[in-house]
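After this come two complexes, each holding subunit A, first together with subunit B and then together with subunit C.
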Partner chain A sequence: MGKAARCAGLDAFFKPRGCAVIGASRDPQKAGHQILRNILDAGFTGGVYPVNPNESEIAGVRCHRSLDEVDGIVELVVISTPSHLVDGVIADLSRRMERVGDVRAVITAAAGFGETGTAEGRNRQDALVGCCRRWGIRQMGPNCVGIIDNVNRLDTTFIMGTRRKPGGISFVSQSGALGAWLVESWSSQPEPAALGKFISLGNMADVEMIEVIEYLGQDADTRVIGLYVEGHPQARSLVEVAGRVARRKPVVVLKVGRTEQGSAAAHSHTGSLAGSDRVYDGAFRQYGILRAGTVEEFSDMLQTFNSAGLPDGNRVFLVTQAGGPGIYCADTLSSFREVEFARIAASTKEALVKALPPFASVCRPEGHADITAAATIEQHCFAVEAVMRDPGVDAVILVTVPTLYLPPPALASALVETLRRLKAEGIEKPFLPVLLSGDWVKEGRMTLERNGVLTFETPDRAARAMAALIRYNNILGRDERGRGSGPVEVRAL
Partner chain B sequence: MGKAARCAGLDAFFKPRGCAVIGASRDPQKAGHQILRNILDAGFTGGVYPVNPNESEIAGVRCHRSLDEVDGIVELVVISTPSHLVDGVIADLSRRMERVGDVRAVITAAAGFGETGTAEGRNRQDALVGCCRRWGIRQMGPNCVGIIDNVNRLDTTFIMGTRRKPGGISFVSQSGALGAWLVESWSSQPEPAALGKFISLGNMADVEMIEVIEYLGQDADTRVIGLYVEGHPQARSLVEVAGRVARRKPVVVLKVGRTEQGSAAAHSHTGSLAGSDRVYDGAFRQYGILRAGTVEEFSDMLQTFNSAGLPDGNRVFLVTQAGGPGIYCADTLSSFREVEFARIAASTKEALVKALPPFASVCRPEGHADITAAATIEQHCFAVEAVMRDPGVDAVILVTVPTLYLPPPALASALVETLRRLKAEGIEKPFLPVLLSGDWVKEGRMTLERNGVLTFETPDRAARAMAALIRYNNILGRDERGRGSGPVEVRAL
Partner chain C sequence: MNALTELESAKLLAARGVPIVQTSVAGTEEEACDAASRIGYPVVLKVLSPQVLHKTDAGGVKVGIVDESSLRVAWREIIRAVRSHVDGAEIQGMLVQKMAGKGTEVIVGGVRDPFFGQVLMFGLGGIFTEVFEDVAFRLAPVSPQEAEEMIRETRAYRVLAGARNQSPRDIKALSGVLSRVSNLLWEDRRIKELDINPLMVYEAGRGCEALDALIMLD
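Moving on to the complex of A and B:
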């Protein structure tokens, strides 16, 4: 089967006309219960068919004794029955394919297959995949958490009670637990991350990572791709495909197995021979794939690429109302050699000095303005607007610890208004605001994010995200000021 | 005045018999309002005296026209009036000292003094400090956020609505904004950090960092000291004193100005000539002062030193129920050369293999057990108990992404029970659990923390905290296995 055809086959996972859950359960502590709940809660628009021979109804939905008995169209089947019952499932699936022939995709959530390393597990996996292949069905897993498509309102996972916010982030994970962790964490942010698709690959017995990357590269809903990687048998092909996609949209990778210990643990976990991390690392750089060092960096990069546009250059201006946190941010920013601190025009400096509180410190050093804790909401907005308008500035970070006279929601609304005004005049530059601290600023951050302005937990996280935007610019060779373009820069990253 | 005497003078900041707020206000957007609120909310047991000539009562408390008019004992005075009114405050304070003479400490929250760099500001500061010196009063600030002492139930800051949990962490900050940010963030955790004292130094016109470190070194309530540092005129003396204290209790420093840009910004902010960061860094290592690279690391180190005991050695065992997050943790752990992965006894291995789910991966590699997502609560506890009991293990990390059949609060309670049983037998080793993910585990984390077991946000944060425990062990030269003892190791850190 050609690559295009294989990719096309993946559509059925995200846009099936009907979905059955084999092993649906009444027991809320079972995956077969939560999967059904999530399909219903996400507002899936096709038919939903729980299958369990011992129940007549689950969660208010009529239950079927077998897949074969389902009347409606079933394009996607989620298997949640224990692996030792797989023969029965295969027989049921085969009967349906002979009679109706509508199933196009299977997601196997159950564990106990190839990942066990036993002959029994491998045989079960081979039998299941063999059946799917025979009928031209694509199979995800086994031993996977499932998939989420918030744009198409489908959630076949058993992750508990997430808050959904459709968006351009697609996240592919080689570990179910790591996938579930991040999806759940993103949902616990003040405002959930804009997750489009989540794909838990599990054992990759059929659908594997490379074709998923290819698929997401072509997917119009996907603006940025995040990959959690332990290792891949075709590592070379993986980076080549991801690198090709990365010329169109950012590909961010979180790869573990950096160390001997981690690499040995990865081998036990997914059986993947991680290979030398340095080889992967070099390949990522060479092919323009962005590597995140931590989950926080991974999360921030995905969210930033999804919500902020790319800057026209690497000249960053930092506006801070908070001395210490501003210095902390400056330290992180200047640890990235791709970042330059912006030099603003004398007229901008003058305007700032005039409008800001008397003891504000403007451009000492260049690219840095401490507007002091005395700054009002108006002065925050004035400073942001002035530097955004300055032609010497490509992107702006704002750090603020709102005081008593700066109610965070009011500050947030005023900033949104300022950005809106600038946008109406055609001035759009990456603007990464950091509203500190904790619960005190939660509502303010939500206000900004609901208006499309991503906010950050800490100043250094914003600084790292900013550096990633500039690094990706260099990868694309689109720095308009003529520096750092093309593949040579990519190799030198 | 000798060091001991100077230090002794600081007591009045934390245990005053009565407290007045000059510039107390009815306006909730003013610091003078929030300071009074915080003093009342924290449950201060001494007399509370708002001073404002234009009000008769604020927040249900009788207001006084002047400090001099207050009938009760006033040992601590908080000044929140604008700096241009400082002459009036000085006159009022002097009258009271002549007549009653009870004030021992002044906290000046107001800004507009020496930090402005103007002659006017410096003169105001000199006048205020001069008056205090004349009467033997210690002065904190000006331009500071205030102090918190959760053990003595005093909070003179204007930080909004924090949740209080008294404990052994003392935190000294050279930046008010950074201080407020961290205090607020710690209060926004699932369970607040165990903050004992918070001291915002402001301009350090009288009380400065070194004597505060000395004071906290002697303070029985303080188990660990955290310092946010931009720079200090007596840098050498600072590290010497902090290093001396660090032989008794851990001193953790977050120092900014790492880069030229950050250092220039620090100079503008507190006027501190940061000096070369490499010199500071070398001195911290030499004197056994732990340096945190990020605020997260700073926060985690303070909380870990407060709640966990020190391990007897550097042999760490990692129990993970989650493949990917476990590998991620192993990677971070093994990036610290002071950490060794524990080799457990053959009998422990056998017991684990027997009790854990069939496809658990035990000691592949050594020091690592993946108990798999199939692990029950009992199997979690069994694994933790087995490795805690093994004499080849000095400390344990647990990583888990609780599944549907592992309700986090139930898992947490069972773990608490296990630890309690071990403790009753005299087995106490650092145990750092990571319950992932987000809101799903919030209640579980609270259960553990309310029982004295600190939890972590991410696996790598636990790994870093673990490494810090071991590093501090090396500083003290108390590794019982005879390695890495004494000052040589300290220098080599």
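Moving on to the complex of A and C:
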């Protein structure tokens, strides 16, 4: 099969004309139940066909004795039947392919295959993949959580408590558990993350990471790609493909295994230092792939790339209303060599001094205005507007700790209004606000995020997200000027 | 595993345009004296033996030799030390090298990674590499521009760029060497491991020179 044909083949996972769940269950504690629930909850528009020989109906949907008996079109089959029953599933799938021949994709959620490392597990996996290959069916997994496509309203996972908000983030995970962790925590943010596709790869017996990266690179709904990587046998092709995609849209990786030691058998200095993680790290930098250090940073980077545009340059202005949190933010920001504190015009400084409370500290040092805890909602908005308008500023971070006379929802609405006014005039710069903290600011953060302004949990996280925006800008600039000649980030000490 | 001698390793690198410090091969003490007077004192004397991979550890290196009489003493001491450290070491002779001038020592390396294939490493010599593991990797081949990014990525960059009133080092020449070594790694797939340790980087405009090299083939 050619590359184009293989990529097109993945469409069936996200836009099937009908979906069957083999091993659907009435028991709410079984994956086969939750998968069906999620497919229904996500609002899938095609036919939904639970398959279980012992039930007549599950979750209000008619149940079928076998896949072969389903009378509608089935393009996607989700298998949650325990792996020891795989022979029966293969026979059922084969009968349907002989008779109807409509299935194009299979997602195997069940575990107990190649990942067990046993001959039995491997044989089951080979039998399943062999059957799919014979019929030209693509197979995801086995041992995977499934896929989510919020744009096409499909969720074949058994993840609980998902709040759905379609958007441009696509997230591919080699670990089902880490994938579920992020999807669940995105659901419990004040406003859920704007997730387009989530793909849990499982054992990668057929569909594997490189092909998925290529697919998402061409996917118009995907604005930013997040990869959770544990390792890949074709590591060089992985970074080459991801690097090509990264010239069109940001690719962010979370790669684990940082502490792996170099080969003890090495004879040279180089050999003893070449732990595979260091080599991965160098390869990511070489190919313009952004690496996140933590799950939190990974999550922030994906959401920031999805919601904020790229800045025109690296000059950041920091507006703070609280001393300590402000300094905390400035510290993190200044640890990134690629970030420059913006120098604003004398006229902007004068305007700020005039409008802000008497003890406000304007540009001492440059690039930072502390508007003090006495600042009103109007003064917050005035300061943000003034620096956003200044041509010497490429991006703005706001850190504020709203007190009793600064109701967070009112502050948020006023900021939204200010940004809307600027946008109408064509002034759009990345604006990363931090409202501290917890439940007290939840509603305010929701107001901002529902209006497309991403908010951050801590000043530190906003600073890191800002640095990532600038780093990606540099990566794009490096390509324009010829590979490798652009400014680069220096590892923070 | 087939380890090349320093001389064989240096020849392979020199053929790819990697500058090597002025070196002569001496089979006897007399030849060493002749070579040293041609090169000019001070010189370095190093044992040439296929069995000795780590010459310094085996007592096979003497640096800062200022005249002929100390050269003769050094020759004999090296033979004694190597014989006692490495049983049955076949001593093919010694290398007489010009003593390198003032500069900054860096390590340029290569290794075949099981997943990525041929990769290039850069790091500052001595304690920076040994203790802080302040090194950067790239997949071969690497352009001179990519090599420069690699240098900048290490904390050692500031040392090379001229920290604490030191004159800046020849980063451009260093980038060129990194790129050339990466091309060698890419084109000669027999190479399993490679160390240029140290490569001496001189003041900007004065280039750099490999003072020692070790290459392992399959």
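Keep this in mind: the second predicted complex is superposed on the first by the 462 of 493 C-alpha atoms of A that agree within 3 Å, B and C clash if a C-alpha of one lies under 4 Å from a C-alpha of the other, contacts with A are read in each partner's own complex, and residues count from 1 in each chain.
Just so we're on the same page, a residue touches a chain if its C-beta (ideal position, glycine included) is under 8 Å from a C-beta of that chain, and two chains touch if they have at least 3 such contacts.
All of these numbers come straight from a predicted model, not from anything done at the bench.
By the touch criterion stated above, A:Ala31 is placed in contact with subunit B alone, subunit C being left untouched. When both complexes are overlaid on chain A, the residue A:Ser361 reaches subunit B alone and has no touch with subunit C. In the superposition on chain A, contact is made by A:Gln286 with subunit C only, not with subunit B. Touched residues of subunit A, counted separately for subunit B and subunit C, are more numerous for B.
Looking at the shared chain after the overlay, A:Met160 reaches subunit B, while subunit C stays out of its contact range. Shared-chain residue A:Ala235: touches subunit C; no touch with subunit B. In the superposed model, A:Asn451 lies in contact with neither subunit B nor subunit C.
Residues 266-270 of subunit A lie in contact with subunit B in one complex and with subunit C in the other.
Put simply, subunit B touches subunit A in their complex at residues 28-31, 33-34, 111-112, 115-117, 158, 160-161, 173-188, 228, 230, 256-262, 264-270, 294-296, 321-328, 330-331, 333-335, 341, 358-359, 361, 364-365, 367-368, 370, 372-374, 401, 403-405, 407, 436-440, 458, 460.
Of all residues in subunit C, only 1, 3, 53, 107, 109-111, 113-117, 119, 121, 123, 129, 133, 135-139, 142-143, 145-146, 148-150, 152-155, 157, 193-195, 197, 214, 216 touch subunit A in the complex they form.
Interface residues of subunit A facing subunit C in the complex, by the touch rule stated above, are 231-236, 239, 266-271, 273-274, 276, 278-283, 285-286, 482-485, 488-491, 493.
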